[in-house]
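Quick heads-up: structures coming right below.
Consider the two complexes below, in which chain A is the common component and chain B and chain C are the respective partners.
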Partner chain A sequence: MKTVTLTVKQAPELYLECENITPDTFAGKKADEIAQLPAYQGKEDTTLGEYFTIAGEAGATAAETQIILKGDCSKMKYIGIKMTAGEVIVNSSTDMYTGGWMKGGKLVVKGDVHSFCGLGMEGGEFIIEGNAGNYLGASYRGDWRGMQGGIIRVKGNVGSDICTFMNGGELIVEGNADVHIATHAEGGKIVIKGNVNRRVGGQMVKGEVIVFGKIGLMMPGYKYTKDVDLEVDGTKANFAEYVGDLGERHPKRKGEPVYGKIFLKK
Partner chain B sequence: MPKVVTDVTCPFCGTLCDDLEVTVSDDNKKILSVRNACAIGSEKFNHTSLPGRVTRPRKRQPDGTFKEITYDEAIDWTANMLVKSKKTLMYGWASTSCQAMSVGHEIAEKVGGVVDNCATVCHGSSLIAIQDVGIPSCTLGEVKNRADRVIFWGCNPAHAHPRHMSRYSIFPRGFFTVKGHKGRKIYCVDCRHTDTARVADEFIQIQQGYDYELLDAFRTAARGEALPDTIGGVPKEKVYKIVEDLKAGRFGVIFFGMGLTHTLGRNHNIDEAISFTRDMNDFTKFSIIAMRGHWNVTGSGQVLSWQYGFPYAVDLSRRNKARYQTGETTSVDLLVRNEVEACFNIATDPGAHFPIDAVVSMSKKPTVTVDPHINMSTEISDIHIPVAMVGVETGGCAYRMDNVPIETRKVVDAPDGMLTDVELLTKINERVDQLMGAK
Partner chain C sequence: MSEYIIRNGHVFDPVQGIKGDKKDIAVKDGKIVETSALSASAKQIDAKGKSIMAGAMEVHAHVAGPKVNLGRWYRPEDKLFDSHKTPGMTRIEGGKSIPTVFKTGYSYARMGYTFAMEAAMPPLYARHVHEEIHDTPIIDEAALPVFGNNWFMLEYLKNHEIENNAAYVAWTLNQTKGYGIKIVNPGGTEAWAWGLNCLTVNDPVPYFEITPAEIIKGLIETNEYLGLPHSIHIHGNNLGNPGNYNVTLDTLKLVEGYKAKNNFGRKQVMHATHVQFHAYGGDNWGNFESKAKEIMDYVNMEKSITMDTGNVTLDETTTMTADGPFEHHLGGLNHLKWANVDVELETAAGVVPYIYSPNITVCGIQWAIGLELALYAKDPMRCFITTDHPNAGPFTRYPRVIKWLMSKKARDAQIKAFKNSDKVVAATNIATMDREITLYELAAMTRAGPAASLGLGKDYGGLKPGMNADIAIYNINPDNMPSDPEEIEKAFSGVAYLFKDGKICVKDGTVVDNGNKRTFWVDVKVKPNKQVAHDVKEKFLKYYSVNEGNYPVPDSFAPHPYVIAVDATQ
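Up next is the complex of A and B:
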């Protein structure tokens, strides 16, 4: 695997749209070719070379390419968007859409990410060492396909509206979450090791939400069924199982309705 | 001799009453009286002849005062600002005609602006919900002629849309609603006992911020499932009873306002309300209508939608494509995050409606405000360009809250030499062309 290192030269005045910082675009390119790749600030067309010092070279394919970002990237959007393979490591916080529609590979952010990260993710591994904003792993506005595969792990807290319209994949949050978890979900699994404000699983059709801490208020459409023992992310514990959202439509399998499930640690 | 203009459309709120009678002086310069309008509507017409009206553009001086300049100077300054800025917020549009919006969007495409209307701090969350789950809706005429179950959820038309209740939703006698008020059952869901609650048959007092839970409870009850004892302060027995009442109706309608769109959950509240409406169609006919505020904010959504596919917060800065993301390209976020370099306000007053951080951010950027009145935005702008009042001094197309287009009318002449929105924007557009051609 070959490594390209991008060091921030100057912070953008507004925000920089960096959809070209992915192993897929970099693959097969040398440092000077990468410097010529377009970046955008408002209506101004610029290049990555204007904002980053670029060292090293990319591998022949995305899978053989590792990108390391140094310096403050908190005003950079779209890093690692639609990446299919390879590795991106960001040593600071990033702005919106980081890892959006990711299909494969590994993306590590060693700081916080803003909202709309991991939108519609299909595969790969996305690790956030700080906190995440709103709409993590959700769908794009108006789309019915949220996170569909892959894994997102957040070491800190997350905002609201996470995994709206989730269809698959797994999100693990080691901190707390705000309101609206897995709204409209039709699959997938969310693990929250801290507390959740409220509105967990509203309008959820299918899928699982596992909460280790407390839920501020259970949705009225959820019904307690039984206690179960589960092993979640390496921890064995006893959980209370709730099914719902009973106000929402539910498909049937072998004559029995399929519900969304919330597991609350006892 | 004074003359009476009939069937005038009122350019104040989203109800867009079209039965006003306005008496004007024989020289067509002064409004003498307004009939049929509500107090706010008549005031809007009377504003035209208020003393101290600004009739020429004003430019802020270094000492903070304003100095009168010519329209040509103001147009040149504005066009230069738009061409120079990397990203400009072009906000407002809700109190002007669809024709003016169309010209404005042409400018935005050229200069890479972000076009946003006041749905961004109003019913934008309703539009997000509509994108997520669709909307079973109808016109206000259908409500008048058919509805026998009317729910006002988080809205107060008694104050915000004063003639809504008498023209469409509570009192009028319609084709299938010959008993008028007596034939309808009115519900009001609110956290306060408003004046709308006073005319309702049933008032449901909800704890603030529990609308999503209560709507979910309504849906759960409609499917015959069990509920907890109370939901947001409302006992479950009341929820079951109301749901049965609604199912027994022939035609139900939900009107909702800021109490749903701007409390915790925002778009999710509307989403759940729309889903409840859809569920109720398994039992009877049910519709839902947003109580849109500004008289032509719906029109701005319509024009943006047919031109770019998105109803508000349309980012045209990458000129080959339109983008939209509430939370990113919405005005308040752009201002608070300092993601724009200049602001162009037209026909809406962000100074009065935006959070203070956003207003402070706007006041530090080059800002032009186009508005017939002096308002809080004009006072933080570098240039204030007054224009003729649309719907009073010039006509144009507008959309009512139920998405019905209604033509507004000109009833009096604007003060001599004043431009209309369309004329002003066309001139700015031409100047932008010249400046960009010269580059």
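Up next is the complex of A and C:
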């Protein structure tokens, strides 16, 4: 694996659209070619080279390419978007749409990510060492294709509306979450180690939400069924199982309706 | 204005019967002229090895107005990643199935189109339709107001008051700056307001006690009484359901006994639109099959009908129609999202996203049916290519549809690519059809035919001296047709040149001029009619949410009109 290091030399005045910072786009390119890749700031067409000092070179393919970002990237959007393989490590916080529509590879953000990150993710691993904003792992506005595969792990807290329209994959939040978890979900699994404010699984058709802490208020569309023992992310515990959202349509399997499930640690 | 002489190109023009002969085309003051009329200063365009046709004419698409905009509002995902401006004079182009007005104009022009008909204008929201038409660059446009569920019409035709209905239609065309009579699910959309639908031509409309057949015949009589340039333009009952081809045949047969009466050279009394959605056999989605042949056997024989295909392009798209009950039904099938608008006394509209997936057998069969219709057509002057944009796919896929029509090899490759190709083949005839549409037939299906059907054949759809200089030049050489069908798609995706009103608007697939777009509408003069004037006044007082004075589209909304005057006072 070859490494390209991008060091911020100039903070953008507005926000920089970094959809070209992915192993897929970098693959096969040398530092000077990478510097020429376009990056919009507002409506202005600039290049990565104007904002980053670029060292090293990319591997022949995305899988053989590692990208390391140094300096303050908190005004950089779209880092790692649609990446299919390889590795991106960001040593700071990032702005919106980081890791959107990821298909593979590994993306690590050592700080916080803003909202709309990991949208529609299909595969790969996305690790956020700080906090995440709203709409993590959700669908794009209006779309019905939220997170579909892969794994997102957040060491800190997350905002609201996480995994709206989730269809698959897994999100692990080690801290707390705000309102609206897995709204409209039709699959996938969300683990929250801390507490959730409220509104978990509204209009959820299918999928699982596992909460280790407290849920501020359980939605009225959920019904307690039984207690179950589960092993979740390496921890064994006893959980109360709820099914719902009872007001939503549900597919049938072998004549029985399939519900969304909330597991609340006892 | 500039003069041009286009030399050495292969000309395809059904208006003059020119089938690919090399012929020089002369352009002066926005018109095609005899080469002898040019001065020495005429600019030369070398079209050696290229094909020349008139500008293409879109006969049916949903490209402007409240329904299209509702799609844009509630489908932001349709223009995801489209926020960047490309170099050149064009503005940002957003949207795939529901493009912005700018992308709409540019995209049609790049493919060689110079005219598009907005297929369903709700009269009450005609101002919005015209605002969008005005903002769509390059191409000429017109809009068809919808009448098939309108309360005035239902009441007049229930009593067979053709003269009153005609006066009302003339009034509405004038108020809305409309082009002709559109009918969508006659009676069914009104029935839906009562929780019902009209699934055959004989299902009565609740309260109004009239059947779809009576509505359709009454509107044919109205249309011919007025002598409008276009015929009635109909989306029939029971769209999109297995087994609906019988209802379609019942609808088509309603033309029997009627003759076109007009001064525009139009021969048909009915234009049946997006017939693909109406040519289904079977009685459920499991035994769903093509009835394209049964439909085309009738259309080929009955010369009073023109039609368009509604080709499925196998894309993610946005369905939108004044057929409110159908969209509600579709939303229940695919569980994506559903939006609906009711338009007071006039109509309704629904919008639902849809994915025509090559992995779903039904979508494959729909794809085949659309192509079969065109391949069975004996008279290309009466069968036009559409995608019912965006219902069966975005209009930007015309080059791909043309590739499938012109190349059996391309069709076979697509059949092979279907997940359940054996099931698609078993339910259709497409695999056995060898016909490949020629460039000459294509010129009929996309130019001369639509122009004649719209009553515009005198000035549009051909390259005869005296006609409007709307000209598309394609990088395709009939003497050396590409063996790779992808080359056909590429050639029709970006013209070498597009002349609009004698001005070069697209060169090498790139927009270079915004042209002088115009809005076509039909101004019909009828005898003063006290009854209709009274009824209009009464309905506005009693029911409409707007005042009669706020209803008409002011001239400022269509500042570049092309008004077709019709005198129906005789």
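Methods note: the second predicted complex is superposed on the first by the 266 of 266 C-alpha atoms of A that agree within 3 Å, B and C clash if a C-alpha of one lies under 4 Å from a C-alpha of the other, contacts with A are read in each partner's own complex, and residues count from 1 in each chain.
Quick note on the criterion: a residue touches a chain if its C-beta (ideal position, glycine included) is under 8 Å from a C-beta of that chain, and two chains touch if they have at least 3 such contacts.
Being a predicted model, the structure only gives us computed values, none of them experimental.
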Quick one: classify A:Gly142 as touching chain B (first), chain C (second), both or neither. both
Looking at the overlay, does A:Leu16 come into contact with chain B only (first), chain C only (second), both, or neither? neither
Look at A:Gly221 in the shared chain and tell me whether it touches chain B only, chain C only, both, or neither; answer first, second, both or neither. first
First, second, both or neither for A:His180, with chain B first and chain C second: first
Look at A:Gln41 in the shared chain and tell me whether it touches chain B only, chain C only, both, or neither; answer first, second, both or neither. first
First (chain B), second (chain C), both or neither: which does A:Ala58 touch? neither
First (chain B), second (chain C), both or neither touched by A:Val243: neither
For the three-chain arrangement built by superposition, which of chain B and chain C touches the greater number of chain A residues? B
Show me the chain A residues, by the header's touch rule, that chain B contacts in one structure and chain C contacts in the other. 40, 43, 140-142, 144
Chain A residues within the chain B interface of the complex: 13-15, 17, 40-44, 96, 115-116, 134-135, 140-142, 144, 161, 165, 179-180, 183-184, 199, 202-203, 217-221, 223, 245-248
Counting only contacts in the complex, chain B reaches chain A at residues 85-87, 111-112, 128, 131-132, 212-213, 216-220, 222-223, 225-228, 231, 264-265, 268, 271-272, 275, 279, 317-319, 324-328, 337-341
So in the complex, which bits of chain C are touching chain A? 74-77, 80, 84-85, 335-337
Touching residues of chain A toward chain C in the complex: what are they? 40, 43, 139-144, 249
